[in-house]
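A, B and C label the chains in the order they appear, each numbered from 1.
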Amino acid sequence: MVGYIVRRLLAAIPLVLGVATIVFFVVNLAPGDPASIYSAPGVSPQAVEQMRQNMGLDRPIHERYVRWMGAMLQGDFGISFSRNQPVRDVIAQILPNTLILSASALLLAFGAGILIGVVQAVRQNTFTDGALSVGTLFFYSMPSFWLALMLILIFSLYARNVWGWPLWLPASGMVSVDHNAMGPWEQVLDRLRHLVLPSASLALVLAAGVARYMRGSMLEVIRQDYIRTARAKGLPERTVILKHAVRNALIPVVTLLGLYLPVLFSGTVVIETVFAWPGMGKLMVDSIFQRDYPVVMAGAFVFAVMVVVGNLVADLLYAAVDPRIRYE
Amino acid sequence: MALLEVKELRTWFEGEAGTVRAVDGVSFSVGEGEVVGLVGGSGCGKTVTALSVLGLVPQPPGRIQAGSSIRLGDLELVGASPRELRAVRGRRVGMIFQEPMSSLNPVYTVGEQIGESLRLHRGVGRREARRLCVGLLEEVGIPEPERRRRQYPHELSGGMQQRVMIAMALAAEPELLIADEPTTALDVTTQAQILALLARLRESRGMALLLITHDLAVVAETCHRVLVMHRGRIVEADSVEAVFHRPRHPHTRSLLDSLSPLKGETGQGEADLEGGTGDGTPVGSDGSGS
Amino acid sequence: MNERRRGPGNDKGSRDGEWSRTVLLPPDDAGGAGEGTPEGPWAGVESPSDRTGGQKGRHRGGWWLSVVVPGLPQLLAGRVVTGGYVLLLWIGGLGLGALRWGRVLAAPTGPLEEQVALAGLMLALVGLWGWSLRDVRRGSPDPDQRPSQWALALRSFRRNRLAVCGALAVATLSLLALLAPLVAPFDPTLQGDLMTRRLVGPSPEHLLGTDQYARDIFSRLLYGARISLAIGFLAVGIAVSIGTLVGSVAAFAGGRVDEVVMRFVDMVIAFPRLVLLIAVIALFRPSMVVIVVVLGLTQWPQVARIVRGEVLSVREREFVEAARALGFSRTRIVVRHILPNIMAPVVVVATLGIGDTIILEAVLSFLGLGIQAPTPSWGMMVAEGRSHLLGAWWISTFSGLAIVATVLSFNLAGDGLRDALDPRLRR
């Protein structure tokens, strides 16, 4: 088991390095000069040139590549141009925020998606099934940023300003302005309230995909002989579905987890921007616009690592749900 | 008095291409402790008949037509509520299927699946279920039951899996066991062992057995009476002797004809295994098992 | 039309897997050509109707009706979706011509896009008219005739109501995008009177309201459709071309080449696509060309993976063996026997991919990385409405709904295609 994990991680090294290399060349070959952010009226060209040297931008690209790769392998991602802070510290500070958001969205997406898929399969070809099918396809076809805006419109803006609901949800940031003045329980509640809309916007679109897949998987499983056996045993229908069918139908859905991770992270980029959520996605977008190369390259590297680790987790989960799979 | 009394059973399937009358007016009965063989070619409605008894026909598209009657003792099963049906399934009527591999849930251990039946029908706790489960596995002839109990279906051989299915069906000590082609998916040697096991268990537990098969050789060895099905109807019903020696319906004759070249072969295999004569001895007379 | 010269051989059209070639035309029937069938290119097409005398009654007398009102005979014959759709388009097209008569007259001397729109309108009307006439005279296809694979797929697709609606919606949207200069009530970039016309809600004059510069949302959405659809089709075109090429090369080359290519493909698929897109487009400055190329270049790996799998499985089938045994050249086998057989999954992936691409384009322009203002694009319109969400909800809401409706149409059509074409892809 441990051996398998180690081998999987070793096999992923080329992938991570490949991604890092592609991003390095994309970023470094693109037109535009990061040092230009220092050029303003009143700053002498010599000073800007000095900054270019400080950033190492005066060297040829292959030399920069080798130096950057070497430093990165030692865990040194350089210094952020725009924040004047080691990139490692910036990312260490911000990564947990993204993990909270992605993990909650993932849980919500798979929870809701699996539930809907099961209901649809059990009620196959009824009105409920049809309505849910159209509903999930509708959400599936939705850009998450628009869903986010609509949720903000309803649950934040209208709920607060027009309808005056006491339970309106905040539309930006991770905590309220007066977070530090709150008691410990209020602080937890405050964080949760801020988490609802961003993770729902991320999750609903994914949940639609999971539901479509789960429905198909359940329909496949329900036709199997062992479901007939379970019924022949005299088990109540609820047990047949929840215990015997769902567990088997989950097996292919687990592989979906690995496939959805890149999609999920793509989603966080937009959603974090919309909700001003201080996470990796927003950091990436901001850094790209500020031409903060070290952060962009390190961020790409971190995303690649997260996908690899996520896929490994998906594989291990796969073995956990399907006893026929054993990793040596 | 008959344990199971089926009258005018009609199970039809509505499809895009029209209605398929899979079972079309079938009547028969199974007495207490009796072994009845239900024979017929593939697609003749044997399995649908068996599934109808337990109310397991998927509906839609299947439908048991009005006027059909299936009585178990004095309980009418056609039109019974789901709750009444559940009380019959597994508890009073056990069932085993053709493909043991696909009939066992791949994600639960053998012990969990047998224990589920025990806890459901005998109302025992987890620990007691575990103990009874080991006993059942032993009874169906599985060596090292304590170890096997913790294994998953894919870790067992086909014959072993079918034994597990039998143990599961026996968990609630049913009055009737319906075996739907229990040996078709197994190799010849295992077939003989499973048949012998069924015969022995029937004898020791005194339950009735409805054995569904397309193989007349199996019937000849195991059954008291035979029902021959053809195109959704029973075309011949009599004692094994009578059907084999004086077949009246042409379909029965053709079934018998197709059997003859194979009969010797099958008989041979069992003869070697059981050290007996291997000809059509009715059930119970020998049950050496494995 | 050359196809029909292949003669009776068409009857066995599905041999050699060349089913795509015999899709549209029924097998030539020597007996059918004799009895009063019109001469000319349609002769082969018309022949089945002669054999199905009973079916002809369906549209009896519909010919004259069809000259005046295409779609009505089909509607009367009970083909609600087809007839209704054709009728709607016909009335809509004529109505458009009548309502915007001034613009239609001015179009031939106007800018290129208006000329194109006018030509599109004419073509659509003539096409509808011709189709309906032909449909009425042909009657329904002969039920006894052995259908080709594509005909079977078409039949199963037609039975799927949602899928048909999706396909028709895609057709309508494309037509609307093409005709935007004629349909749109206002110039999409024209800023109205900022005092009185700014942020006006939906009203008869401005169907979907106006934005912060007093521009008509409905007109902007129509023009935005051009951007979204054009980018969707072009980018997916690029992705499909490269993906098919790379995928089949990998499958045929095998060995080291295959491994390296597929490793690369895995890598691109595993990386969050949006991050790459934003990085590249932000750094190279957004323009139509950059956006299309980058969207295409980040999508081909998915196509390549599917094509490779298909080629590997098709290559082993009997008809390819047979072609090889007959001594056909490698190129001929690939082009004539293998590629037509992998088209079904590629068509499905392409249709669903257009939906994805439209969403990604919207995301990019939402972030300010799409087509630049003042050219309207849907994602940018959603972004513009963001600062007026509370006061003018219609800007973001309707722009987003346009995206959802378009993507939904492509997804419905794509799902239907998948079910109709390839049961193996079903999930």
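Following the convention adopted for this analysis, a contact is a pair of C-beta atoms (placed from the backbone, for glycine too) under 8 Å apart; a residue touches a chain by one contact, two chains touch by 3 or more.
Note that the structure is a prediction, hence the values are computed from the model and not measured.
Under the contact definition, chain B and chain C share the contacting chains A. Each chain's centre was taken as the mean of its CA atoms, and the one lying most distant from chain C is B. With centres set at the average Cα position, the gap from chain B to chain C is 55 Å. The geometric centre of chain A is 32 Å away from that of chain C, both derived from CA atoms.
Per-chain CA centroids place chain A at a distance of 52 Å from chain B. If you check the complex, the residues on chain A that touch chain B are 224-226, 228-237, 244, 247-248, 251, 321-324.
Those residues of chain B that touch chain A in the complex are listed here as 51, 54, 56, 82, 86-91, 94-95, 97, 99, 102-109, 116-117, 120-121, 152, 154, 165, 168, 172.
Residues 162, 263-264, 266-267, 269-276, 278-280, 282-285, 355, 359, 362-363, 366-367, 379, 382, 385-386, 389-390, 393, 396-397, 399-400, 403-404, 407-408, 410-412, 415, 426-427 of chain C are the ones that touch chain A when the two sit in their complex.
Residues of chain A that touch chain C in their complex: 14-15, 18-19, 22-23, 26-27, 30-32, 134, 137-138, 140-143, 145-146, 149-150, 152-153, 157-158, 161-162, 212-213, 216, 262-263, 265-267, 269-270, 273, 281, 284-285, 288-289, 291, 296, 299-300, 303-304, 307-308, 311.
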